[in-house]
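Okay, so chain A shows up in both of these, paired with chain B first and chain C after.
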Partner chain A sequence: MLKVIVTRLMAAVPVIIGASFFVFAMMSLMPGDVADMLLDEVTASPEQKEALREQLGLNKPFPIRYVKFLSGAVRGDLGRSFVSNRPVLEEVMEQLPRTIELAVAGMTVAIALGMTLGILSAIRQNSWIDTVSMAVAMVGVSMPIFWLGLLLILVFAVNLRWFPALGQGSPRSLVLPAVTLGTLPAASIARLVRSSMLEVLRQEYMVTARAKGLREQTVIVRHALKNALIPTITIVGLQLGSLLSGAVLTETIFARQGLGQLTVSAIVRKDFPLVQACILVTSIFYVLANLLVDISYAWFDPRIRYE
Partner chain B sequence: MKHLGLLFSLIVIASLLAACATPTPEVVKEVVKETVIVEGTPQVVEKVVTATPEPKGGKIVVAIGAEPDMLYPQRGSSSWAGLINATLYDTLVYIGPDGNFQPGLAESWEYADDAMTYTFHLRKDVKFHDGTPFNAEAVRFSFERVMDPEARAWAAYAYMEAEKLDSVEVLDEYTVRVNYKEPFAPFMTAITTMWLAPVSPPAVEKWGEDFGRNPVGTGPFKFVEWVSGSHVTVERNPDYKWAPPFIENKGPAYLEQITFRFITDNQTRLAALETGEADIIESVPAPEVPRFWSDPGYQILKHIPAGNGMILQINHDKWPGSMMEVRQAMNYAVNQVAINNILYTGLYDPAYGPVSPTTPCYWKGVEDLYPHDLDKAKQILADAGFKDTDGDGIVEMDGKPLAIDFYWNAGLTGWTQLAEAVQAQMRQAGIDLVLYGLERDAYFSAVHDAKQGMNFMWYERDDPDILRILFHSKGAVEGGFNRAYYRNAEVDVYLDKGAQTGDLEQRCESYYKAQEQIMKDAAIVPVNNRVVFWGAKSSLKDLVMPKQVPFYHDAYIEK
Partner chain C sequence: MTIKGHIMEKSDRISGTLSLGMEAKQENRIAEAFRRLQRNKGAILGLIILVLISLISVFAPLVATHNPIDAVFEESLLPPSSEHLMGTDVLGRDIYSRVIYGSRISLQLGFVSVAIAAFFGTVLGLQSGYFGGWLDMVVMRIIDVMLAFPGLLLAMGIVAGLGFSLTNAMIAVGISAIPGYTRVVRGSVLVIKENLYVDAARVIGCRDLAIMFRHILPNAMAPIIVLSTLGIARAIITGSALSFLGLGAQPPTPEWGAMLNHGRQWLRQGWWVTTFPGLAIMITVLSINMLGDGLRDALDPRLRV
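And now, the complex of A and B:
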């Protein structure tokens, strides 16, 4: 098991380096000039803009800038933000607690809701429960997050006053953002769990389990569900990675801190060092999420244990 | 009769208590009549008691539309930095609600007509939040730092056109003189902006690059914390002993604390005001204003910023915008009042000239130059040789349709609607506007390469010198702001003169002529002047808003 983890981590390094290079290249190719952007609201002269470009090292050719970035990164210095002038690593780290909080809360909602709907539909296939659950799942997958978030604010915050409109500051303020964020993954999970369960329920060992006289609940949970979860875990892992790095719409609507809104605003402001730092952290999250998925496979399915 | 004695004692004691009240906050005496049954007798007496109600105070949440870049006023160029800086810093001079210069940290000032030398006599009773005395040396330090490329003080540098600055002299402890190499009249306006607010020299030395996250000024509030992506908190400065003339409270602020919360989404910001999570919010969209206006639980504060509102710059270097007839026809075809009524429920201000009515030296004559007249527009085009030969509603000349490439930054809320409204109006005169609503970076790229046939321009500034930045031929270069590429030597002379004359009346003479000529040349098509709306709870009293930012010196929450 340990060997698996170490191998995976080592394989992650080229992935992360590759991602950072790709992003660096993309940012350099994007239209728009950093100096124009930073000095947008001020009537700065062309000379001043040129001076800013010099100062930020933007006039140097691409390979030199990239090497400079890498050599700094290896020493732990990812540079300072063009906009706020703070060390970018500090800026990213500040956003992590709230990001993780929302991702975990969102995932909890997604798993709870998704699994419940999926299991129910599968064991009561073609009944009204099945139809309704799948309809709910379809609506969930189709609903734009922005619209859902604003709708929840309107109904539950402004009209009913059950929860605050702003998604940060107390445990209650986490509810609406978590529901907003968790709805889409919940829908995917529901459909996936349902189809995996249906497949598993047709297997011969299910007949055996029932023949052995086990309670239906044990049959479902210990035998069916455990096997059905393997494809689900893959999806959950990927979704977790994406929730950790990009819940920008939810964060914007609920005025929450988070890595998503930081990344987007850095890209929009062409704050190269900050974008690099955000992408670096995002890549690490995805790698960890994938690692978690692989380990869970091994835990769930004894057949998938590497030597 | 003995009750009279009791009554008298009560009044005396109450008065003494009121007189000995702590410097903060102000205690307002109220006289209350109580009906009391006197003990032991069947008498009912009316007793007059002086009651001391709760002192003014409160903690408020201000919801703003974006996070500032930094709180170092000379550099932080975003308008949101300005909002917060208004609580942390003071300026030497203020523009009051009446539009005139009023004393701030400078009690008085002089400058000659040559607009090259400015002398300020500073207040002697002010300290920075870290205890450093405020004096001429601090002003010299703050201004000279603008010249230091390390400080990257872009905003201040641009506003005071620091390349023209010669020196800042300390004449004595509380007198400072600013010397320019050439006349620069807009300096007086520059000094009223947050960009030239004095900062504490020891604090800048101490924090260096990080001063922007640890601001130290002289303002009525002190910095407490900045949580990235969430909020900035400031608290009352107990040592604040004065205020500009338009503020009543000449002492520490009543509010204990202000939290500036960043809420980018308009709808969420409005929701926060409705749920009470915010006490005051900025940028209430015009269509939402009426329901808050008519609700007694809320108040709306409004202001028309100076400078230019939404105007259309027509590129003079590209056909057909290069033809004066086309531009004049556009001015007759546009219907500013209709746009205001349909898009902004009549709440914005139709614009007829290059600057808004609140700009000093605004020339009222622009309002009569181009009344909305569709027939006249069509006539002008016909006389110039345009005819609709193929019946598609758009006129042509020599087979070329009258089409102008209209570029704008589609990332800004509401501009696309405005562009489409203008397009519809122009079509009625036979003019085709080809719409290019681009994402911000792509827009700036296109404009940099002068691809546009026309574009929106919107630049707020408190000084009519904005006309020079937008219409002087020197600005008609790559990276300049004269994106209409308008070049009129006569107007150049007026604009230069306006920037170089100290006397305001004489400056206005130049600017009136400039505005007249710019509009006669139909260099631009004005559409509307933006109106800034802030929404707040009615319980937040005594907000003062001389310009587009509220001041909180007098404010308090009424219970």
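And now, the complex of A and C:
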């Protein structure tokens, strides 16, 4: 098990370094001069612009700038914001917990809803429950989450007044964002749980379990579900990406503070150091989360551990 | 069996595969897949809706009742009526006509970004799988790095560098979808290149390019078709998400995501402003997903996730 963890960790290091290069290149190779953008074109003298370029290290060649960026990044220094002049990592870390809170709430909704729908439709295959759940799942994967969020606000906040439309802090204000964020992954999870349950239900050990005289409930939960869960872990891992993308949209819809909101505003303000930091931290977070899923996969399925 | 006999037998099999056998099998497979698709009611329904949407977008000037960009300030935020089928937005623009014209943008966005992704993804996957070696390793590491970003974030980063416009949104969505194609195509190529007909093509002196594009690619088409179909749906969602965030199509373009972004500020005053463009995205994406699911079941059930 330790070997699995170490191998996966080692494999993640080059990916993260590659990601840092990618982010840096994306922001550096774009057309336009940062000094022109930051300083007023009319009033700023060429000397002032030159001084700013010097200060930001923009007059050095690209590879040198990248090496400087990377060595700073390793020491936790990703530069300062063009707008607030604060260290960008500080701004990102301030927002990260808010996004994690939202992501965890969204994932909880996704797993609870997705598993319930998936299991129900598998054990009642071809019944009306199955048809309805799979239709809901199909609509769920086709629904743009930014529209779903607006609909939920329209129905539950504007008309029924059950939950607040905007803001954050109280558990009640987390409900609508969590449902918004969780629906799309829930639909994918439901579809996968259904098909992997159906596969397990056809196995011979299911017949054995029933022949032993076990109660139907025990057969489903202990024998079928436990085996059907393994592929489900993978899809939960795959859904992390759509969860992080979805968090950006959800935060925008519900005017919540968080990493997604910070990223969007940094992009709009052309605050490139902050954009770099936001995207890099999100991707590191994503890679590590996937790593965790990978490791738990090996934990749950011994066949993978011994390969 | 003598060596000569063995070689003759092998060459017999080779010529058999090369001439009649392969073409007949290919045609059979397509006919078979088409029959399976026809039996799938959801896929046919999706296809019909998609054709309707395409017709609407082609004949948009005839279907729309108003100019999608003209603002009439006296008619701000009118509810749906016989004059304005889906009401008007805060600038007094007819939402129905904007939704109709928006279909052009979304379909274009879907097709262009998938074309970008499928082209580069397929070429990269094909050469990686076929040649292997260090080039394969480099390409796959780059793909790994691209996969380290959640899709929308990658597109957002690219748009941040390129600037906000519909064209850049298409490019960004296209680039961020490349890894999926590269991985799947590479995987199929690794299997296909072990086939006898690939050896045969090499024996009769085909060049690598010819083998890759004439012998391997046609046999790897099934997953590419399925991925592209479902990819159009995903591209429309990601593209309109960018516009929703203000990073894609800019006003006054009648883009569905941008309309939602504009309308959400008047959610309390007019439910119709956001409801109809959202419905339009969902119906379009749903029809493509239904068709894509059907195609996957008909062409390549292994792709089912």
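Observations on the structure shown:
Keep in mind that, in the parts below, the second predicted complex is superposed on the first by the 266 of 307 C-alpha atoms of A that agree within 3 Å, B and C clash if a C-alpha of one lies under 4 Å from a C-alpha of the other, contacts with A are read in each partner's own complex, and residues count from 1 in each chain.
Here is the rule we use: a residue touches a chain if its C-beta (ideal position, glycine included) is under 8 Å from a C-beta of that chain, and two chains touch if they have at least 3 such contacts.
A quick note: this is a predicted structure, and the numbers were derived from the prediction, not measured.
In the superposition on chain A, contact of A:218 is made with neither chain B nor chain C. Of the two partner chains placed by the overlay, neither chain B nor chain C lies in contact with A:7.
Contacts of A:262 after superposition on the shared chain: chain B is touched, whereas chain C is not. In the superposed model, A:91 lies in contact with chain B only, and not with chain C.
When the two structures are aligned on the shared chain, A:48 is found in touch with chain B, with no touch to chain C.
Once chain A of one complex is fitted onto chain A of the other, the partner contacts of A:208 are absent, as it touches neither chain B nor chain C.
In the superposed pair of complexes, A:141 makes contact with chain C only, with no contact to chain B.
Looking at the shared chain after the overlay, A:150 reaches both chain B and chain C.
Contacts of A:252 after superposition: both chain B and chain C are touched.
In the superposition on chain A, chain A positions 30, 150, 153-154, 158, 165, 252-253, 268, 270 are in contact with chain B in one complex as well as with chain C in the other.
Taken in their complex, chain C has these residues touching chain A: 42, 141-142, 144-146, 148-153, 156-163, 233, 237, 240-241, 244-247, 257, 260, 264, 267-268, 271, 274-275, 277-278, 281-282, 285-286, 289-290, 293, 304-305. For chain B in complex with chain A, the touching residues are 67, 69-70, 77-79, 149, 152, 154-155, 157-159, 163, 209-210, 212-213, 227-230, 261-265, 267-268, 271-272, 274-275, 277, 440-442, 444-445, 448, 459, 469, 477-481. Listing the residues of chain A that touch chain C in their complex gives 14-16, 18-19, 21-23, 26-27, 29-30, 138-139, 141-144, 146-147, 150-151, 153-154, 158, 165, 188, 191-192, 195, 235, 240-245, 248-249, 252-253, 263-264, 267-268, 270, 272, 275, 279, 282-283, 286-287. The touching residues of chain A, when paired with chain B in their complex, are 30-33, 36-46, 48-49, 51-52, 55, 80, 83-86, 91, 94-95, 98, 150, 153-154, 157-158, 161, 164-166, 168, 252-258, 261-262, 265, 268, 270.
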